[in-house]
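Letters are used for the chains, namely A, B, C and D, taken in the order the chains are written, and counting of residues starts over at 1 for each.
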Amino acid sequence: MDYFVEILLIALSASIINNFIFYYFVGICPFVGVSKKVEMAFGMGCAVTFVMSIAAFLSWSITVFVLIPGAPVSTFIAGFFTTPEAAAQIDLTVLSYIVYIFTIASSVQFVEMYVRRFFPPLYRSFGVFLPLITTNCAILFACLTIMSHVAGVDNPKAVWDLGKAMTLALFGGLGFTIAIVIMAGIREELELCDVPKPFEGAAITLVIGGILAIAFMGFTGVDSGVKEALTPSPQVSQAVVHGERVALLDIKDNNIQGVRMP
Amino acid sequence: MMISLGIAGASMLVMAVIFSYILGWANKKFKVDVDPKIEAVIEALPGANCGGCGYLGCSDYAIAIVTDNDPVNKCTVGGAACAQQIADIMGVDVGDMVPMHAIVHCNAPLSSRLGLTQYMGEQRCASAQQVADVQACTFGCLGFGDCVQACNYDAIHIVDGLARVDYETCIGCGACAKVCPRNIISIEGFREAAIPVVACSNKDKAKDAKAACKNACVACKACTKVSDLFTISDNLSKCNYDDYSAQKREEAMKAIEKCPTGCIHFVGTQVK
Amino acid sequence: MADQPTALERFVQGILPENPVYRQLLGLCPTLAVTNGMKPALTMAVSVAFVLVCANVVISLIRNLLKPHLRIVVFTLTIATFVTVADRVLAAYMFQMSKTLGPYIPLIIVNCLIICRCEVCASKQNVITAAADGLGQAIGFGLALASIAAVREILGTGMLMGFRVLPACWPDWVVMVLPPGAFITLGLLLGLVNYIDDKREQARK
Amino acid sequence: MSLKNSNLAQAWLVLLLATLFGTALAGIQAKLGPVIEANKVKETMAKIPVLVLGEDLAAELADDNQTLTIKSRVVEVKKNGITKFYTVYDAWLPEGKVVGHVVKADGQGYADKIELLVGIDAQGERITGLFVLDQKETPGLGAKILEHAWRGQFKEKSTAKHLSVVKGGGVEEDEIDAISGATISSKSVTGIVNSAVADVVSHLDVPAGPENNKIPAVQNKEPGKNSKNKERS
């Protein structure tokens, strides 16, 4: 039950509350550039979500298995050269940025070749976006968030497992798609309005993006509300039970468990 | 300390080897056998993706040329030079290089339009198109100049509420045709300096057409009787530009006289 | 290709005529993210300058060994290395600033500005031009960041780098420091720059 | 085999660069790593004297440049099914007397996680200080929890009572005056303090310092549940 709540919270916050575009400002270049037509925007959104999930999977597994100190692969290799516990101290997190960008670039290239070979119509429709995606900040940002939850965490319990990493990637991509499709819809209507000459193109898109960001700010606090609603938090209330002040810790299924108060 | 340097270098090397191996393998395995001719044709095309040739972009046009050998001279921007280049690549003769120009299928200045209402909205054809009965004719030119704004060769102007093409400068890139909300501008090949055109697109019955405009085509078949250049389809006559040539000039002149509402004109350069 | 612009031309172009943010609309992600204060904006500008110049120099050194289809991978690798160096140096010597900038330092890697400069200039021209181009673009980027950060910080908190600019009775526009403020400020400034440009064009015509 | 060396041959530049950069970065990490580590630890350790002793005593201590000996341990608390982790820093005066403890706790704030350092006195009766390590509350509103005045309210609050948040003045013994316009942030900080204090108060007993060597020096104490759990009177 607790795991499901965490997954739901991550999904909610990645897609709507801390939306990648409106809260974290990643992926603005396609947001300004590609959001002219709704189909193009939707195609771009799907491509980004797809590549983001692959990148998240690869970066999670490489971080857990190679990069963090005490990771199985690095201790195994280091085991040959030094004493075992020194091997456990080998810390390769400094390589994380190169490794992530390398995996992203290679996976985008691989996906592009694969789609070109087996789905030519699909390739023609969003082929032009694929190279653009490599330099898309949203994908690297997703990998960095996953890394900060895997490598930068002191107590072992809070390390993210693969399920949470993939949820972040999928719903982050979903949030990205929502934002870019909304903007594409607005910009299509914009063709008919009288936009002042200096504001045409990117300037008006950014101003509208600002207004959309204010709208999305309305969602802040939703996750803390959902968390409160879903976690069965015990009501710590006090009662006097035969002369002694008892903190009622658990009043579920009406047997009063109490702990003697100091 | 040395160990961590060695491990870092080694793991990067291993990762690089794995990824470049996968990419190399994918490069071989997923080799899409793109016909080298297509790449050559793409190379010859200007690559502006302007859509003047009527295809989605240069690569589409190139594929069309190579696979179902479409005419090589459709690229308006590239003009004769690029058509010649592609012809050499394809080993096909260029065929008569036909200059492409825009034609506005409406010849009603404001004075001859009926049922005009005072339109106070946004002075753009795209917006006026959304509003009902700005003028009685729901097919004809609105005259707010979206095409003028779209054209970057300054080859089309609004004269007395009607879009007029300047055939000296028009290269037929199709920007105006794309932007006209009523789609009454078409890009046609001019076999002669001047060709006859039915400058109307009103598809209503004769009675409504007359109520909408003084010189609308009422599909009275006068032109079709006189010359086989013209055909009637859903209450509107249309000239077949491809098989017009200088010899058929008298035929066309006769049709112009016969036409009761005078909506057939000669357009192009040196209109006598 | 037309003759390659010289080092000085590249340098001057980078600052105003081809300003990366206002003219080419590159590198918008960090521009919006870190400009809620002047100090983070300047630190980001300096780190981008460092990475941009080093990457340009290295790429132009190895430009004739580049294979066309592996070009992007080599660019990203070099840029990623220099960004990691910058990130570690910042974390070591300006720890507080590295905490405020947080994830946006590594995001310099995918900053379209740097990869674009590598592609357009560094992989084609010699070292000096590449370095000059990098410096010019970096100064242009810094100017753009400073302009946005100034507007946002003054309107948002009434202070600039610690000095009180607006009178204390100024109600702080908190939205300016929040994410939406970044969008609106950049949008309006972009409009302003276009407007000034049109005016200058008409004046020249 | 030809396939292998042909595409690897093409990519020799990538391989060379990858290894070169990998080793270079490892070198830089080796040089800068400890400095960064020191920064991280310093950031929390520097706060402990102020939290435990209060500004004036800490300043006085700093003048005659004595330092507290500080050790950190992780306390695991099981509460209705959820296990929570707290890092607790115990501080000893140079002459060995336990002077207080600092609990590092985090919880859900209005916008995102809030990380706090809660100072508690040696006996675990009074809260001696509060410091906000990390927060992403709305600047200008929620971010006011950083202000010294508001944080000061937690000083001298008893750990036994459950602190509650009150709006608009009239602050009794165990009440905290909420920041106007940021009740959710104030509530979440107070909630985190309450749950941290309630969870950790029973695990605060730490043997006295090395001086009155009743217990051998506690240098090599591994983090984890501390051994003695004296039943408090």
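The rule we apply is simple: contacts are C-beta pairs under 8 Å (C-beta built on N, C-alpha and C of every residue); 3 or more make two chains touch, one makes a residue touch a chain.
By chain, UniProt protein names: A = RnfA-Nqr electron transport subunit; B = Ion-translocating oxidoreductase complex subunit B; C = Electron transport complex subunit RsxE; D = Ion-translocating oxidoreductase complex subunit G.
These numbers were taken from a predicted model, which means no experiment stands behind them.
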Innermost chain by mean C-alpha position: A
Comparison of B-D and A-D by number of C-beta pairs in contact, larger one: B-D
Distance between chain centroids, defined by C-alpha means - subunit B, subunit D (Å): 70
Where subunit A and subunit D are represented by their mean Cα positions, the distance between them in whole Å: 26
Centre-of-Cα separation between subunit D and subunit C, whole angstrom: 36
Centre-to-centre distance between subunit B and subunit A (centres being mean Cα positions), rounded to whole Å: 45
Touching two or more other chains - residues of subunit B: 4, 6-8, 10-12, 15-16, 20, 23, 27
Per-residue overlap in subunit A, given as positions that touch at least 2 other chains: 91-92, 94-95, 98, 102, 106, 109
Multi-partner residues of subunit C (each touching 2 or more other chains): 70, 73, 77, 80-81, 84, 88, 178
Touching residues (chain side subunit B, partner subunit D) in the complex: 1, 4-13, 15-17, 20-21, 23-25, 27-28
Residues on subunit D engaged by subunit A in the complex (per definition of touch): 18, 21-22, 25-26, 28-29, 33, 74, 80-83, 85, 87, 108-112, 138, 160, 162, 184, 188, 198, 232
Contacting residues of subunit A [partner subunit B, same complex]: 62, 66, 73-74, 77-78, 81-82, 86, 90-92, 94-95, 98-99, 102-103, 106, 109-110, 113-114, 116-118, 120, 191-194
Contact footprint of subunit C on subunit D as seen in their complex: 10-11, 13-14, 17-18, 21, 24-25, 28-29, 32, 35-36, 39-40, 43, 138-141
Subunit B - residues contacting subunit A, complex: 3-4, 6-8, 10-12, 15-16, 19-20, 22-23, 26-27, 29-32, 122, 124, 126-127, 130
